[in-house]
Amino acid sequence: MLGTVRVEGLSKTYTVRQRKGLFKSEKRAVEALRGVTLDVQAGEIFGLLGPNGAGKTTLIKILTTLLLPTSGDVWVNGYHVRKQENQVRATVGCMLMGERGLYWKLTGRENLDYFGALYHLPPAARKRRSMEIIDLLALGDIADRTVETYSSGQKMKLAFGKALINDAPLLVLDEPTNTLDVPSASELRAIVRDLNAQGKTIIYTTHIMAEAETLCDRVAIIDHGQLLALGAIDELKASLGREQVVRIEGVISSRALDAVRQVPGVRQATRTSLEGTELLTVVSANGHTNLPLLIAALSQAGALIQKISPEEVTLEDVFIAKTGRTLAEDTRAR
Amino acid sequence: MPDHSPTIRSRLAVVLASTRMRLLTISRYPGQLLLDIVIPIVFAAMPILLGRATAGADAAAAFAANTGTTNYVAYMLIGSSVFMIVSYAFWHMAYWLRWEQETGTLEALYLSPTHRIWVAAGTALYSCLRGIFSALAAFLVGSLILRVQPFGGGASAGSFAPLGVAFLFILSGLIPLYGMTLLFGALVLKVKEANALINLMQWGISFLMGIFFPIAFFPPLLRLAALLFPPTWMTNGVRSALLGVGFFFREWYLDLAVLWAFMLVAPLLGYWVFARTEVSVRRNEGVGQF
Amino acid sequence: MVRKELILIARYPVNFVASFGQVFLIVAIFTLGSKTFSVSQVSPGAGAQAGAGNPAGVVIYGFILFMFLSDTLWTIGYNVRHEQVQGTLEQLYLSPASKFASLISRVANTLLWTGLLTLAASALMAAMIGRLPYENPGLGAYLLVMNLAGTFGLGFAFAALTLRIRETAQTMANLLQFVFLILCANFFPFSALPAPVLAVSRLLPLAYGVDAFRSALMGFPPGYPELAPIEVEVIIVTVFGLLMPVIGYALYRRAEDYARSTGTLSSF
């Protein structure tokens, strides 16, 4: 039960006020979530993807009891979000507000100590846990400075550390690498993997597809309040039913070309010349699994391979297929 | 996962942690504590100086005819000092959630398994400490600067009883006062124009409690409205104990009984309204929006 | 600008009502406070000291000037500090917009609102305690404009200080506001101040501004103005109003250059 999330028929409708002129306004209902059903399994890293305004934040806020749903049921770590709110809160570690969820006039250490108290950690445990987090995140040099003097990246790291204070079995991380530089982001992802290896379940939202692809075991794609896709990344990619293309540069004889055409799964193989180099383009249903067979066939036929460029279906391709637009495009439009 | 179920001890630890957090925060604003002492003295100085200028040598006598004491300096200082306690109660409590919203920490608070009432209690304790410190320091320093006997009138030389009674009125008034601020905090949570509301409310309360004048100046209906506010009883109680201006019901223990009656009603009502408003906000927009 | 103010009133009705309510309450509190010294309770000031003037005039005209001075003197510095905290001050400097216009615009909109509030306050005060003297409106208006110009200059200087010492400037502003309330005698005659304090008041152009403004509008009752003859006070206020904006703006540009050379525009 611990480390699991179950969502059944979750809906959330907001009432917003639209201004019409100086004194008039009218109320409008906005459906932020419509009948979402999903589950998160213990011990996995679960990605939540979607464009801005898709309903990701609404979903996360309901999971973490910040927002009450309009209808539907949600169980987090086996506890119902409406009927057992405090148990849900006690068993979840959250990083939702980025650098804003910190007291700027307190030091990093004081922030961790205060939040530890809010999670009912005894004083000795708070002190020990704060030190562990400070060491883990290499915040030792700045732990005793007030947060207002931190850089954005340092604040994000501390905010991440705050999510770890209660050592919860489930972590909810909303774009945790936002504003971090490349090395720090990489370091944080490594820590997330380590925490997952220790058995923690992690719900991870991100705008960076590559991050989701490398980190997540399964992802859910949400748009306009609806769940559009859910599954392991490989499954989602395969679900597109797209053919994969491999481009091979080198010295490719006719015999090598025939050999490639005989490899199982190859639908089409074409040889062209490009600036004095021969380019073999192979279209197959399972490009990245039969690549070793292609290489073997070419080698046995005497071909000289200089460069291999597989074009794989990416998670971005899945996203585009499901939502009709790229994540970058959506951000620009907003 | 280690078991950190809440206990009475851990809840009290939350109260103390919340108080400590606020004290640490204010200690890092340079000069703020000095300001806490200066403000009530300056507020009190204004009507004092105006009164001296307009009434001249007859100031004390004219004042006594209207209020029951010649010690107008102490009278004004008591008013402005008690006002500081009231003002801080409003700004710290009614504004508390709004402050957390603005600093971005409100959601973090709601994500924790601690009920807000314990954090609110910690904030109230901080507000009490800061308000009482400011009121006492301002009263004593103000008496020194304005060269007046702070405990003239009701207090006889060497007797601590009037001081004790004055303190009892302050302490008894605090709980209903904070109950009121929770009521008001609910309004702030809903309406969101916090600064404007709180500014209006604190001046409204200071008007009704007679910060610089006796509420006998009010027409009957307004006087009745004033008597519905605990700060009015607090202010008059302290003035009567220290300066002998006269309790509303003639005896100090009868006025104190009224404050204790407020103590029973105000906090429960305030908390009930606040809790319902909080649920309504969470239902619609969540607590992070502002 | 008027349209924008109307939109704000419609969208933030509580702010609108609260501003008026606050003014009414502050005026009522000080009026009733002064009544406690009155023998008759009907018209405070009956039996008043020579030199006390009309207490209504002393308080309300001092209050009007206090409201305008607060807007111009402190708001500029507060706004600069707010932008520093938000992190948007740097953004401003990336744009080609005039820095002078940027400083002025921070308070220009609020002055209209303050004007309305002070009119309301005057009407309330007059209703509560009787006739409010109203003489020499032209001179009063001139003195108001010169005072405002001078305090704009002080506001620029204070904004310069904010750029240099950041948060400490905010606390200083809070403290100085209250000190100025006493030294400029906004709510009582200067004659009420002890001699050492009065000596300090005489060093402040703002004090002469308050004295001249309310003396003119009260029609120069006996003992008014209190600090110096009106001709001298008008000269002081005029020089203050003309020179201070120049000095203040120069100080601000200097502080700005310093911040840009040390890279502290965005410093919290």
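For clarity, chains are labelled A, B and C in written order, and residue numbers in each chain start from 1.
In this section, a contact is a pair of C-beta atoms (placed from the backbone, for glycine too) under 8 Å apart; a residue touches a chain by one contact, two chains touch by 3 or more.
Note that the structure is a prediction, hence the values are computed from the model and not measured.
Asks: Could you give the fewest steps needed to travel from subunit B to subunit C through chains in contact?
Replies: Minimal hop count between subunit B and subunit C: 1.
Asks: Can you identify the chain nearest the overall CA centroid, using each chain's own CA centroid?
Replies: Of all chains shown, the one whose C-alpha centre lies nearest the global C-alpha mean is B.
Asks: Can you name the chain that lies farthest from subunit B, using the mean of each chain's Cα atoms as its centre?
Replies: Relative to subunit B, the chain with the farthest C-alpha centre is A.
Asks: So the centre of each chain is just the mean of its C-alpha atoms; given that, what is the distance between subunit B and subunit C in Å?
Replies: Here the centre of subunit C sits 28 Å away from the centre of subunit B.
Asks: Mind checking the centre-to-centre distance between subunit A and subunit B? Centres are C-alpha means, answer in whole Å.
Replies: Comparing mean C-alpha positions, subunit B is 49 Å from subunit A.
Asks: Give, as an integer number of Å, the spacing between the C-alpha centres of subunit C and subunit A.
Replies: Once rounded, the distance between the two centres reads 54 Å.
Asks: Subunit C: which residues touch two or more other chains?
Replies: Answer for subunit C, listing residues that touch two or more other chains: there are none.
Asks: What are the residue numbers in subunit B that touch two or more other chains?
Replies: Touching at least two other chains: 29.
Asks: Subunit B touches which residues of subunit C in the complex?
Replies: Residues 12, 14-15, 17-19, 21-22, 25-26, 28-30, 32-39, 41, 44-45, 47-49, 51-52, 55, 58-59, 167-168, 171-172, 174-175, 178-179, 181-182, 185-189, 191-193.
Asks: What part of subunit B is in contact with subunit C in the complex they form?
Replies: Per the stated touch rule, the residues are 29-32, 34-35, 38-39, 42, 45-47, 49-56, 58-59, 62-63, 65-67, 72, 76, 191, 193, 196-197, 199-200, 203-204, 206-207, 211-214, 217.
Asks: Using the touch definition from the top, list the residues of subunit A that touch subunit B in their complex.
Replies: It is residues 2, 14-15, 61, 64-68, 86-87, 89-92, 94, 96-97, 100-106, 110, 113-115, 117-123, 125, 146, 162, 166-169 of subunit A that touch subunit B.
Asks: Once bound in the complex, which stretches of subunit B touch subunit A?
Replies: 1-2, 4-7, 10-11, 13-14, 17-18, 20-21, 24-25, 28-29, 103-105, 107-115, 119, 279, 282-288
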